[in-house]
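Dropping the structure in here first, questions after.
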Amino acid sequence: MARITAGVATSHVPALGAAIDLGKTREPYWADCFAGYEWTRRWESEQAPDVIVLVYNDHASAFDMNVIPTFAIGCAERYVSADEGWGPRPVPDVIGHADLAWHIAQCCILDEFDMTIINDMAVDHGLTVPLSLMFGQPAQWPARIIPLAVNVVTYPPPSGNRCWLLGEAIARAVASFPEDLNVQIWGTGGMSHQLQGSRAGLINKPWDTAFLDRLTADPEALRGIPHIEYLREAGSEGIELVMWLIMRGALGPGARELHRHYHVPASNTAVGHIVLENG
Amino acid sequence: MARITAGVATSHVPALGAAIDLGKTREPYWADCFAGYEWTRRWESEQAPDVIVLVYNDHASAFDMNVIPTFAIGCAERYVSADEGWGPRPVPDVIGHADLAWHIAQCCILDEFDMTIINDMAVDHGLTVPLSLMFGQPAQWPARIIPLAVNVVTYPPPSGNRCWLLGEAIARAVASFPEDLNVQIWGTGGMSHQLQGSRAGLINKPWDTAFLDRLTADPEALRGIPHIEYLREAGSEGIELVMWLIMRGALGPGARELHRHYHVPASNTAVGHIVLENG
Amino acid sequence: MTAPRDIQAYLAEFDDIPGTRVFTAARARQGYWLNQFCMSLMKDENRRRFRADERAYLDEWPMTEAQKQALLDRDYNRAIDLGANVYFLAKLFFTDGKSFLQAVGTMTGMTADDYQAMMIAGGRSPEGQRSIREGR
Amino acid sequence: MTAPRDIQAYLAEFDDIPGTRVFTAARARQGYWLNQFCMSLMKDENRRRFRADERAYLDEWPMTEAQKQALLDRDYNRAIDLGANVYFLAKLFFTDGKSFLQAVGTMTGMTADDYQAMMIAGGRSPEGQRSIREGR
């Protein structure tokens, strides 16, 4: 039986990917930021998950203004890296797990989630930067990936509560998959950042820290945070944090914090990262 | 304030469109079938709805195997007729109501429906045949249309209950739209038909009749019909009837039957049609 | 919530319907390229190229030989067995200038006239066609 | 259900955030072609054509003159006022060989060095930046 063993959350700042691709991770600007992922890289190599349900948002790469799915689940065999304007990132193709992805898609639709099934899409930095952070620069990614793209660009995104509920539905679906698989779920994006206007560069460390604390101390409280609070407190792009709630909703109430990292800045963004053991 | 004044359901058999386009509606094969729409054509011209929320399914026209949205709402200004293999139907472009469509999309997402927003798509016979049935061959369609495409091709489609709940959410959304608009909601597809295999040609008049009866006599009972019952009783393509429940869910409990028509056959299909006054 | 929660039980019931193949994930995956080929026939240019040399056009798609042969033979039941869905196949029906009535009728083993006559007489009865297991 | 049900109230709150334009339906509609133009820069061929003659390439898109001028000027605040979203604009940043840090900094009125220094010092404080109405 497949089981979700852990949840991982991390920012997915494109500059982090560029720093890895260009071999700059030991430069003074980046060293502390990347140091916080070393624990996780060791832990991931021990854990060796078979499949990762990777919750991220497409940043106007696979989806333009013509098709805006709230929840899109990738059921393909393979995904290429998107060309976001400076050529595709030099990373391996992402190999899907079509059996489990279709299983989750079907279960979630029966569970009254209005999924969009995707069989062909390019994946952008939102998905590939977390892979690079956890796995470095391997010839091929060490796990199969199920991309779950959430609209957080065009308003309204799904509510935090809806994200949490989807996480619960994904957990039920994984638990009903007959094959014995070690599955992780990752939530990506955030933490506080704003990429526009006179308020650009906003960072709210106290709010981010409270968010990280509440992932274990009071996760239910996170479900009720309205969009306006993300926007006011964590900046216009901080809304990405609703995606962490899909990850958290998929874990049990007793999930335990194994590792945490918080660093300012990476480009315009507060980098946040946490590893939760399911329980 | 916008208000949903009526619900209309009808089959959307492509051959009905072809019969209209080719001027064959008075031929013996077709005359009785089209006669049942005459009452509605007069009624529609009196009603003069401003906007129609037109629930239909795309038949592998706008959406291929690469993108399969459960609920896709058209927010565009205009939609062209799809080329389904014999050239586009010679019908006017469909003019959207982007203000109301975006309003419904936003409200439904806040209401925790996981909509896919669409800004560019061609519309196939599922949408254009009902327009031809109700409005004939005008130079332009007399109402603005909000296409709502439901996946009933790749399994699982949404449950009947989920469709009903979406109808309720659409009704709340319309009621909160500030402009004074006469809005109808149409549910299309069905009734019993099967387009494959040795069971092709299946028609189940008693089951179809009971379905039509229950739309006013016991609508709540319709919510609970499982997919397998549609498949067994109404044929593999009879599953389209779940779309009628979006229409019915958008009307009040006291909706009243104004008109009904049932005819076998149109091509492979049992044509069903009903007009419900909201209440 | 009235939907069945157990996807295996949900899917298993579909195999109990006589002469019917439900377009499940398994079929959607098997028929992916076949169905994408059908979609390509929505463009007149592609219809022309297909008509000019069916085999050559089919060879541009990564389908199995069996899938290609089913399409060349217009053996729609076989195509559906191999993952086709009728709404995708419809692009081929229409490319051939056939109606749904004509094309679907070929899947029943009946002559076109007999199938048409059955439909005019009220269609195929659901009696005995609902469930293999229960014989109803 | 914790989500606000009243869409007007939901949207109205967004106007209370200093220096922030939320990508609502109204903005998405206004910026449709501008954003679709940006998407076109995901192809190297289009980036080359754009770089060779920006004005001519922009004229292929049904944008307003004001939208085209904002893009020619790389005035990203103005572009966002006219319906752009930053993730679409990013295709232009990258076409120009600029990072998010460089491009976003230009929207603050600060010099690139000052903006970079502010970020290294911990970023912009949210104090006074949360609500115009409440001055907090």
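Note that the chains take the letters A, B, C and D in the order they are written out, and that residue 1 is the start of every chain.
Following the convention adopted for this analysis, contacts are C-beta pairs under 8 Å (C-beta built on N, C-alpha and C of every residue); 3 or more make two chains touch, one makes a residue touch a chain.
It should be emphasised that the depicted structure is a prediction, and the values quoted were computed from it without experimental measurement.
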Mean-CA-position distance for chain D and chain B (Å): 39
Length of the line joining the C-alpha centres of chain A and chain B, rounded to whole Å: 37
Chain centre separation (chain B, chain C; CA means) in Å: 23
Junction residues of chain C - those touching two or more other chains: 1, 3-4, 10-11, 25, 32
Multi-partner residues of chain B (at least 2 other chains): 65-66, 106, 110, 112, 119, 154-156, 159, 161-162
Topology of the chain contact graph, where touching chains are joined (line, ring, star, complete, other): other
Every chain pair meeting the contact rule: A-B, A-C, A-D, B-C, B-D
Touching residues (chain side chain A, partner chain B) in the complex: 65-71, 106, 109-110, 112-121, 154-159, 161-162, 165
Chain D-facing residues of chain B, complex: 75, 98, 102-103, 105-107, 110-112, 119, 172-173, 176
Residue ranges of chain C in contact with chain A within the complex: 1, 3-8, 10-11, 25, 29, 32
Touch list for chain A against partner chain D, complex: 14-15, 18, 29, 59-61, 64-66, 82-87, 153-156, 159-162, 192, 194-205, 207, 223-224, 226-228, 231-233, 236-237, 264-265, 267-268, 270
Complex interface listing, chain D residues touching chain A: 1-4, 10-11, 13-14, 17-25, 28, 32, 35-36, 38-39, 41-44, 47, 76-77, 80, 85-88, 90-95, 97, 99-101, 104-105, 107-109, 115, 118-120, 122-126, 129-131
